[in-house]
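By written order: A, B and C. Residues from 1 in each chain.
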């Protein structure tokens, strides 16, 4: 899980995914020739900070977002959220401004409802701070900030190794309003006619979806995917023998929002391992759920 | 109103409109040759569960959504809303899971803020439940669940009988976040250059819009249509002599949201009969308002 | 500032921008031949009430919205908001209905949470009312309703005088849900391949952005623009020597929302003077900030 640890340590809050893009392009170019089917790698201005991998003759596309939640320095010592990070006094935050590297602490002033940082010096206006990575691994679990969604990215990279036909899209801004899947979905539709989407992202451990019981297939979150498509996915999962759990939520969202609202007739389904301690520095995922996530994606990309 | 009753009884909550699609295709194929101008019927994968009827050389398009509000079974006996159904203890709900047909009751536990069902057995996770249909008709009114929007669909089918030039789009997901008018509006624009939209849907009886006084033409809801377009529609309505009422609201929405946000320059106007007991099993509409709705649509599709 | 005063007096609430469109087309056609590079002027049905000016070979586009906040007359004496106008008893409102010109007063009934007007006669349902313009100018400031965004429009018209390559888009509906930048951004992308956007709009005086200290460049509001693009803009601003301030907010939005969610890979940055008394009849802006706004736009349109 060395690669996962490297991914979790990269500074890439929504809107500033450049470091992830660089790392990913380095990794992909270094490894793609060892993959079963080396993909076409699309990136650059027309894709902003996103990356598309196109394998063979694609019928389906995986979307894995590269960005994370975090904080923007406002005025004085104030912080503004990027996405929906958990808030607790003492969380360690890291970043960099014109004066150099920063490591500081988060404070929440409940009376004034103000998020602030504590640091020996003032930090430049607009600087982004993210959770400091403390990567922990046991026989059964991995734990770190940003498993959501570096684990979804990592899983997609495992799938890439043997993928013959399909697209993997590494997207931006998912944690903060979206904005890249919109143009990626148009490009994919126009160039390849693909409308079958899979969202490679991390969900929540709840009373109905438990750690260690397998990857979650979501029947709905705040949005509802087309039933006919999700039923096909469930049938494939049942036939595969891979452990999985059905999720039903009334809240939450993902890159799928942009597929649902697209001018192109995309279907989508969220398929991802559940984590506990969501959006904290201590996100934790069971290794069995990671295994079934990678395994199920391999089958789905063949059978869909 | 036998057709309306049949439509109200069909299980088609947002995201799972397949039954409506099948019924509608059956009805359309059975009747279209008796219509003044048999339309081109577009459906299938590229349209998901939607249907487009294209008559002659279209200048305007009617959008009528086929889906309804309802509930999804979560974990244990919990329910999650599909769209915004009204909630009251004892509402009868129906559906089907792997173990067979279901008829059960809704309960709202106020203390725990939990929606639940009461049924002799546990229902499969992810099963959709909808209101049980109790269709009632008097000389003056029709009453049932899901007049919103089976009546808008029914009205469009009446208009279809004599329509010479125009498009009728039967859409999905309107009650829960939308998602189909986006791709329908692109397709219609690209293939036919049409940008004049009419929303065939049901609105609310209020202090300003009363039952029996005629179809409502909406000047705004949560969104504001382009004034110049709505004024043309009002002028046509005035000249027609058909009774109508002007509606002005600050809330509510429809398939028009997706036209408003479209990448194509669509105009839109909501034109529909008002109902009382919105989103309950007892939605009620005055027959005079249904008559004026059908009559006004016929004129608008000729004059716009 | 005679032109700015004329712009502030025009009745053009969101959805009914026709008067602005007419005035602007008159102004542009009268003056464009005195400009360094007379632009192509695009308008008419395919652009709804929007106007596009295309200069030379464009690389970037300025978006300036022409609409304003206001009120719609509902039933009886009730008012519904258009966008987010400030509310205070006694604000003077103007409009026109079938019975003639209207000047009336705003009342807010706190107990009933109802917005109403006081007028000698009842006003036609659906009539739009806007703040009455009281334009005030000192050596240092301008003050009026609707500086947001008639000043953004005015600034773009100053930039037009010397612009050689670029697009200026005058948009609609910004104050109330948006809806025009979506189709403008598609058209611009498809016809000219442009994806660099600048939002010419007015922001807020806050503890971090003060009147008289220069135009604001926003690092974020409720949405976060792509960091790499904003950094290029800041570097150009730094090299120009023009005074500017960096803004960081967690709320607010602009026409940029539609660029962010576009099916085309648009970058965007909000660049605009700050005002105090936002969305009141007394919006006030420092003239030094207006000067630096126009100056910075001229440089950005050359260097981006």
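In this text, a contact is a pair of C-beta atoms (placed from the backbone, for glycine too) under 8 Å apart; a residue touches a chain by one contact, two chains touch by 3 or more.
Note that the coordinates shown come from a computational prediction; the quantities given were computed from them, not determined experimentally.
Enquirer: Quote the value, from 0 to 180 degrees and to the nearest 5, of the angle by which the CA atoms of chain B must be rotated to coincide with those of chain C.
Expert: Resulting rotation angle: about 120 degrees.
Enquirer: If you list every residue number at the chain A and chain B contact, are more than half found on both copies (same) or fewer than half (different)?
Expert: Because under half of the interface numbers appear in both copies, chain B and chain A meet with different residues.
Enquirer: List the centre-to-centre spacing of chain A and chain B in whole Å, with centres computed as mean CA coordinates.
Expert: Computed from C-alpha means, the inter-chain centre distance equals 36 Å.
Enquirer: Can you pull out the residues of chain A that are in contact with at least two other chains?
Expert: 262-263
Enquirer: Give every residue of chain C touching chain B within the complex, in rising order.
Expert: Against chain B, chain C makes touches at 14-16, 18, 45-49, 72-76, 80-82, 125-126, 128, 172-173, 176-179, 182-183, 185-186, 258, 262-263.
Enquirer: Can you name the residues of chain B that touch chain C in the complex?
Expert: Touching chain C: residues 195, 206-208, 219-220, 222-228, 246, 248-250, 260-265, 267 of chain B.
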